[in-house]
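Have a look at these structures, which come just after this line.
Here come two complexes built around subunit A, the first alongside subunit B, the second alongside subunit C.
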Partner chain A sequence: MELRVERDALADAVVWTARSLPARPPMQVLLGLLLEAGEGGLSVSGFDYEVSSQITVDVTTAESGRVLVPGRLLADIVRSLPAQPVDLRLEGTRVVLTCGAARFTLPTLPVEDYPALPAMPTTAGSLESDVFGAAVAQVALAAGKDDTLPVLTGVRIEIEGEQLTLAATDRYRLAVRTLPWRPEHADLSATALVPARTLADTAKALTSGPEVLLALSTGGAGEGMIGFEGGGRRTTSRLLEGEFPKYRSLLPNESSAIAEVSTAPLVEAAKRVALVAARNAPVRLSFSADGVVLEAGGQDDAQASERLECGWEGEPMSIAFNPQYLLDGLGAVDSDTTTLSFTGPTRPAVLTGKRHQPGDVADYRYLLMPVRLSG
Partner chain B sequence: MSRGRVVPAGPPKGPAGDDTGCHVLHVDMDAFYASVELLRRPELRGKPMIVGGDGSRGVVLSATYEARRFGVASAMPMSRARRLCPEAVVIPPTFGAYSEASAGVMEIFRSVTPLVEPLSLDEAFLDVRGATRRFGGPRLIGEWIRATVEDEQGITCSVGVASSKFVAKLGSAHCKPDGLLVVPADGVVAFLHPLPVAALWGVGDKTEEVLRKLGLHTVGDLAATPVQTLQRALGPAVGSHLSALAWGRDDRVVTPTEPDKSIGAEETFPVDIDDPRVVRRELLRLSERTAARVRASHQVGRTVSIKIRFADFTTITRSKTLPESTDVGRVVYATAIGLYDALGLERARLRLVGVRVEGLAPAEGQARQLLLGERDTGWREAEQAIDRATRRFGAGAVRPAALVDPDDPLRGPRGGTPSPYRPDKRSRSGYSS
Partner chain C sequence: MDYVGRLTAHLPEAVRLLLVKADGSLSIHADDRAYKPLMWMSPPCTTRFGDEVWTVTNKGGEELVVTVHEILSDVSHDLGSDPGLVKDGVEKQLQELLADQCHVLGEGFTLVQREYFTDIGPVDLLCKDAGGAHVLVEIKRHAEIDSVEQLTRYLQRVSTVLGDVQGVLAAQSFKPQAKVLAADRGITCVLVDYDALRGLESNRPTLF
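So, the complex of A and B:
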């Protein structure tokens, strides 16, 4: 194998694929990145039996070939190379990398022992990469981080014809986003539970291209697999098993009170007031026709309060939230004005963007369970 | 443990003294370890019995009054105790039982007043000023404590009631065993002066020797000696301290110890266990008990830890910090089981398991993050209902089905005889209610 590649393209490819390399792999070869040079360019692949990532970059190839090199070491080297073309050449069992006056010789891993990457499942449909990236980011933040409840560490993807729905919950909040997309078949109906972190990383990386292809292996006795492709990158991930909570029944159909607040001032105020809230302590919001008062802190500790203008329909009400969860939701609604709908101080609040007309169903809903102040 | 110091008969345990101003109680269990052992071995009641190590270097930890009559005393070498009282039965100590009984006794004290200063497992000072309205005077409080300790723990104690800590302590030593003595505030000097100097706190063998050489034998002798003389003989600090004590002056206040940093329970199996089902059931029982104690202390804890001791005494602990504090047995159990399962012990032989809740904070004012789809009444409320049933009907009145002995549903596996090693075929670990 012998080839020449642009430094930035190589760095992007190696650093991205090396991210998914396992720390303690079941097999030594999984510490390697697979470099394959051929007519289509150089493809770089990493795999940990859960997730595979592959990216193809343009090169000037003198000789095709296939080699497995220690991934993290290669990533460290490539990251620090000067901005000059990089030459890679296989000499016996070693790879020689030269860039300007710098020269590295790397040992290789037995490429014949490297497992075959999972095949890309059948394409299910496509959508704009930036739209997908933004939607995933809105939802993935509500996924659980506790591995003792694996089902909640995933984002549920539901495909119903031309509508794609993403949902995630850690039981404290639930984020649901619906968006249009282009299915391969108009009557396509499918669901998948994808590890939230993998999905978020992938959706972000795929914004480098204009479009994202989603591929799903459904049915059958084998393990479920999802694939994403776009901008020369492709990722496959094993799906999570288990039943995602029946979240639709949690979405309230009606509300007894509605607040409309300018998002940015509320975010600023919540951050300020939360400074005095001890760990896990809530921020209290008191709504009335006069606006909303944010408060935090205890009788013996530091206290803070701040009043904001806000639109309010309903009886005066106080409710308390974990400040970080509230800020997550306010950041995710992605709107100048946030609508907060309530049914009671111990019932979930629904955060949505500005309502254009009463009765509109928002395409993004962030349900947030309040904190009960117990005596 | 009662100190070895002997207080000779002074004023009789006599007529009800005036308890006005006597807000300090010193409560001392009578022959604590021995009394607890007697509960488990009633056949030894009325016989001389000694608790302590029986080896060549064994020491007497406690003895029944029948043994003490032969001169057996705490901290005495066992070989000497054996010579003094050859017919005494010697029992090795079971410390778990003592600390359990102690916790129960201290809980009784804390139900009277938060101002409880434990000195050891078996004695404590109480400041009862805030409780007199509820219970009546200090004497009545002392009587109530004595009755309650005997009723709930099956052991007796002696109570000294006085206006200061050290007089209260002398009072309880004076009326032992199974007695109560009020030293009226205006009778302190009369009570103290006939006592030997060794009765005073801080007078050990050496000090006693010095005082004896000065011809000072009683507290009254000490009181009659100019403080300068005592200071010359004993040093300025000790001299003035003893002079003050001899006149009954002791202004140290009852200082409650910090509340527990953690609450836990552990169980040493009667025989080593390798059946994971038995271990899981024991973890369930310990989780329930720990959570009940956390609730009883009006606290919540954020970290759950388990302790595993293998047959070879290797001991490991594992802990997990929860997203938020809890006092719910089911949450403690789920966390404990998660930690246990993560160890992948298979069928390792275990000697002991324990469950502990750490990072305690007052439950009062604790904010609780609610869960989506959570019912208004959940496990927390169910367990609070169990607490109420337990207070009314006794421990184990309501418990997870896994902890009900199928052979005798009215008794738990721990109803009296321990049987965690008896495989329970019908029930699985976990709740089945």
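So, the complex of A and C:
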């Protein structure tokens, strides 16, 4: 194998694929990145039996070939190379990398032992990569972070014809986003539960291309696989098993009170007031026709309060939230004005963007469970 | 205070807390730190209490000499026998709670015996499922691959006596490898919520 590649393209490819390499793999070869040079360019692949990533970059190939090199070491090297073309050449069992005056010799791993990457499942449809990236970011933040309930560490993807729905919940909040997309078949109906971290990383990385192809395996139970492709990158991930909570019934259909607040001032006020809230202590919001008062802190501890203008329809009401969860929601709503709909101080609140018409169902909903008000 | 031995050290006159324990050891504390005395003599050692001078001598002939200028307070207590440090108290309590609430482990489960004895050790719970078949339950705080191995050993052992037995591994959390191995061996993993079993409601209400 012998080739020449641009430093930035190589760095991008190697760093992205090396990111998902396992720290303590069951097999030594999984520590490697597979470099394959051929007519299509240079493809770099990494795999940990859960997630596979592959990216293809343009190169000038003098001689095609396959080689498996230690991934993290290669990533560290490539990241620090000067901005000059990089030459890679296989010499016996070692790879020689030269860039300007810098020269590295790397040992190789036995490429014949490397497992075959999972094949890309059947394409289900496509959508703009930036739209997908933004939607995933809005939803993935509500996924559970710990493994006690593995189902909750996933984002549920529901495909119903031309509508794609993403949902995630950690039991304290629930984020749901619906968006249009272009399915391969108009009557396509499918669901998948994708690890939230993998999905968030992938959706972000794929914004480098204009479009994302989504692929789902239709295989039997336990063999579920999802694939993403765009901008020369492709990732496959094993799906999570288990039944996602029936979240639709949690979304209230009606509300007894509605607040409309400018998002940025509310975010700033919540951050300020939350400074005096001890760990896991709530921020209280008291809504009335005069606006909203944010308060945090206890009788004997530091206290803070701040009043904000706010539109309010309903009886005066006090409700308390975990400040971080509230801020996550306000950030994800992605709108100048946030609408908060309530059915009561102990019932979940729904955060949505600006309402255009009463009764509209927002394409993004962030359901947030309030914390009990003490005393 | 003077220490004479492998090295020589001196503590100037000051107000100190002196602990003389039942094993004869002496430790001298200042008004800080939770565990490390300024000077100490570990057992076995003997103390001669003079009017003004206490001398603690150990086997090696090392001496700790305390000159007592004034006694501010002198108290002695008999602490009785030490029940020992219990680190796995939660596991024990989980066993008690699950014994009372077998239905958490599986639909229609009933308890046969706690600490079911086998010649390779006691099994946490022996239950019967809805169909009357025996089920062995191993309870852990955190289930690791070893927990699966342990339950497998019990299952093999008990199956020679009771015939066909099912295995259930109950824990507050599971290592992914433990789950894979358990699934491979047909052992059911049950995630238990300690607070819910104790009837404690979380202070953080959830959506569902």
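We take it that the second predicted complex is superposed on the first by the 370 of 375 C-alpha atoms of A that agree within 3 Å, B and C clash if a C-alpha of one lies under 4 Å from a C-alpha of the other, contacts with A are read in each partner's own complex, and residues count from 1 in each chain.
Keep in mind that, in the parts below, contacts are C-beta pairs under 8 Å (C-beta built on N, C-alpha and C of every residue); 3 or more make two chains touch, one makes a residue touch a chain.
Keep in mind the model is a prediction, meaning the values are calculated, not measured.
When both complexes are overlaid on subunit A, subunit B and subunit C end up clashing with each other.
Of the two partner chains placed by the overlay, only subunit B lies in contact with A:281; subunit C stays clear of it.
Legend: residue contacts after superposition of the two complexes on their common chain; A:298 is shown touching subunit B, with no touch to subunit C.
In the overlay built on the shared chain, the residue A:373 is in contact with subunit B alone; subunit C does not reach it. In the superposed model, A:149 lies in contact with subunit C only, and not with subunit B. Of the two partners, subunit B and subunit C, it is B that touches more residues of subunit A.
In the superposition on chain A, A:250 makes contact with both subunit B and subunit C. Within the three-chain overlay, subunit B meets subunit C in a clash at only one of the listed stretches 133-141, 295-303, 331-339 or 385-393, and that stretch is 331-339.
Comparing which residues of subunit A touch subunit B with which touch subunit C, the overlap comprises 148, 169, 171-174, 245, 250, 280, 322, 346, 348, 367, 369-372. Subunit A contributes residues 146, 148, 169, 171-174, 245, 249-250, 280-282, 298, 320, 322, 346, 348, 367, 369-375 to its touches with subunit B in the complex. Within the complex, the subunit B residues that touch subunit A are 323-325, 338, 363-374, 376. Those residues of subunit C whose C-beta lies close enough to touch subunit A in the complex are 172-174, 176, 191, 203-208.
By the touch rule above, subunit A contacts subunit C in their complex via residues 147-149, 169, 171-174, 245, 250, 280, 322, 346, 348, 367, 369-372.
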